[in-house]
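What follows is a single structure, written as structure tokens, with notes after it.
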């Protein structure tokens, strides 16, 4: 039997041991106080863009793999609790899959051949306690630093890339050139495929069944550039369905390189701003919730231009 | 019948109409691209501190007002899903009160006398859809800017202030002086009472029943300084139980001034770092999740020193 | 403006005050120890049929009105907890709308013109505590007694009635005649429209958008017969969409008569058994969970033939 | 190393293979149409007693093993949805551990030495899909038949047995004699320890830490009598903590014999009625919800005297 190609790539780009045998942060290790400080130069105006889709029942989920849209209910409202001082209180609940909307994949979200990132055995993910190693709370304070938006959808001249369209290294480099930037150590890469725009404007029907996204070959490029994080506006970063296993790019980026992936990030307004002034890099913060044992987390990424 | 004193204060410090009749951001309006840019000067080293307590069953909640600790369960683990390519996936769920841990109170969390901030009627908080106005998602991108930590607990010489100890304007100004800083327009104020340290080190028994915190008189000072946000390491910002109604400072800050409050923020490591080098201001980001109709949100605040 | 016709019917069949001003059981009051005992004669063989559809992600819900399918997750599995004695434990969680599957509507599920059954004001349903009167836990021990299945779908000669087909009093009486039974005081009426069979065999697509079901005129007949409960194999008992308001039969049966309604009951196997031996009455038990403040409840109805 | 004694007992009383290699019903197989019919003679008056504690935040849970009390929230209330016809709707949600209150333990709730009842391997309990064999939905239609209440607490002359008090075979036989009944094939045994009364009247503080309950030796007696089910008013049926492993009686009854256990059943009113007329047997129905993959289920047991 021929080996899946992604495993060969995985061995090439592996970061296991690179930051210590107990490391649980992976490529976030590229981020240092120095890189954070240097990245401040990417802030020109101080304008901010938050990059999430709504957390609620308007989301794309259908119940597949138990992924429902977040359910928000009120537990206290002014109809319930009003004091003699006239004070009224509102409290609320959320029930949600951590993978249902704008999110960060943690380092136990995907593993293969018995191991997660850094050789952590798969049974470190326990059904009852969640991730006992490589949990999402170990990635805090998360990402801060320079990020670059590569708007491949616009470069292609359409509103969104077609389902199944693989974004290649050539696409990324063409976009870099068009943007006049070069991604490097500790940067975050944001790729706009337009797929989220399709969902937001045409509805979610069929949206989760396929998508344009990064080609598996991007793994080596991401590794060479020493990027800290990759996030996209599609639901799974990579082009899907894949032809080399289930999620070959996830497998390599998360398990071999130790990289958190950002999914369903709303890059629409940010892209418009970048287009308007021709500046495609900025400061970005993206921090998971401190979920004990979490395999992922909803996130409110903020770009400061 | 004598009026509750906080309502008189509320009228004095009211921001209703100040940023337009439809404004839903309140004191976050102090934050502008310019204040964000200026605040970058508070970043000296690039070191970061995330300020949340764990999201999980180790939290302080007891079920009072339906506030339970977050429940995290796995919906997919490597025991369930492993492909022919050896790839294993983990997915998870969270069920949590939005007020259960490190959080931001939104502008419908507290109202009184028929209205929330900016005159929004209380029935804008609907049981079924949550907040139809003044929802937490309207506050995005949230806070970014300069923040100052006032470590009142350490100034008092102990590990934490006693329950019932009211932090006064004099305390705040004494702390400012000790820190060599002065809070001003668009800043966030972080007050350390040590109460979280008590919970973390002594256990949560009784922890939610009372607390040290800001005195009601602080409202006017906060207003004059034009602060954008206040956050504390206790569970309710203000000294509780209160003597003038249920939650007089909440009532004034949230409903009259339109200010989000940060609660249960973990200031321990940050305070130690500030103590170590005598620098008490820094850059802070704090952004709610984009919860449709939310009255509040869990948050992962990040201080960059 | 012409009054909605169902309100006129409601006044005719009202049971308000009939069993006391504080009554919260409505037509379950027809059920007495004597009727229970007498109903035992409807047990001929002792064979039992449980009448629910699966509680899980295979259900018909789409998220409309926040009605999702039940989400079942494991909190402890043998992978987590195995003692030195080799003992392994499994524990689990359910998150579900109480209206998502085989259910009983409680007496606060529907009201109109300011009141629920027996004149309870609508604000007795509080967002924070649920129903403070007429809650589903007040209906316990629920129904036990004689029930009759009227298989209108089979009488019509098809697998299921078409969407929009109204089951009339003439249909019910024709079915009674065919079954050789006559419904009377304290009985439960089970009507098979086949609509559930359609969902189970053809899929749920569009299933919740319309349905065959009882015509509004059935209310008076049900009242005259002094039935204790009505349950159907469709999702909303009555033919929907309705032409006289939103849910006219719900309104009259629940609010005016004080009757719990059973929805999405699986009558397939039971109907087959009845068809086989020509006996259409049996003993039935149907008891809600004791949900404090509940507006409804999942239920496991059991027919004993 | 000496073997745990319960395993020796387990081999003696094993029902594996007794009802077929694929059997998932265990001792419910004792229940047949004939036993159901015969049990009707235990109905003298038709009076009913429902045996559950409230499903809501008043329950005994503390969060141990993630077992919280059920959380009930409203998703639609009359404040949200009122049509032009004046019709108002209420809908609600429950989030609950299936082990949090009055419940039935399913046949995957406890296993040992690699297997559940009937040799089903432990990995049939999957974290993602729950029980793929021996699930609670396979036990439907559940129990119906004759049950006997043995009120050991009253026999001992107090309100409740002390924590740690083991109910022995001698106790059970003494209670049988006092009641003038003898338990036999297909019967359900209900044992009143009074422990629930303690919780209901004295509060839940410490209630879940220990309990009176059945001694391990009862397993053989239960087996010889060919009982279909055992339920108690304590939280775990057996005396706890145990001296022979974690939960030796659970292990034998559930895993070796294939018996569902009823826990936290409220026997107070029923016991009072039995005491009043000296009749201790009755008809009982107890049916789980049809939870796909469930390890247990809340239940509303109904006794008909």
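First chain written, first letter: the chains are A, B, C and D, and each begins at residue 1.
One rule holds in what follows: a residue touches a chain if its C-beta (ideal position, glycine included) is under 8 Å from a C-beta of that chain, and two chains touch if they have at least 3 such contacts.
These figures come from a predicted structure and were not determined experimentally.
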Practice task
Note the shortest touch-path length, in steps, from chain A to chain C.
Solution key: 1
Completion exercise
Rotating chain C onto its identical copy chain D by a Cα superposition takes an angle, to the nearest 5 degrees, of 180
Handout entry: Residue-number overlap at the chain A/chain D interface, same or different (half cut)
Key = same
Practice task
Name whichever of B-C and B-D has more C-beta pairs touching across its two chains.
Solution key: B-D
Exercise for the section: Indicate the whole-number Å distance between the mean C-alpha point of chain C and the mean C-alpha point of chain D. Expected result: 26
Exercise for the section: Return the distance between the CA-based centres of chain B and chain C, expressed in whole Å. Expected result: 46
Exercise for the section: Provide the list of chain B residues touching at least two other chains, using ranges where the numbers run on. Expected result: 57, 66, 71, 73-77, 79, 93, 95, 123, 126-128
Exercise for the section: Based on the touch definition given at the start, go ahead and assign the chain network to line, ring, star, complete or other. Expected result: complete
Completion exercise
chain A partner, complex, touching residues on chain D are 66, 71, 73-75, 77, 79, 93, 95, 127-128
Handout entry: chain B - residues contacting chain A, complex
Key = 4, 6, 32-37, 40, 43, 45-50, 52-58, 65-67, 70, 72, 74-79, 83-99, 102, 108-114, 122-123, 125-128, 130-131, 137, 140-142, 144, 244-248, 250-251, 285, 287-296, 298, 300, 302, 304
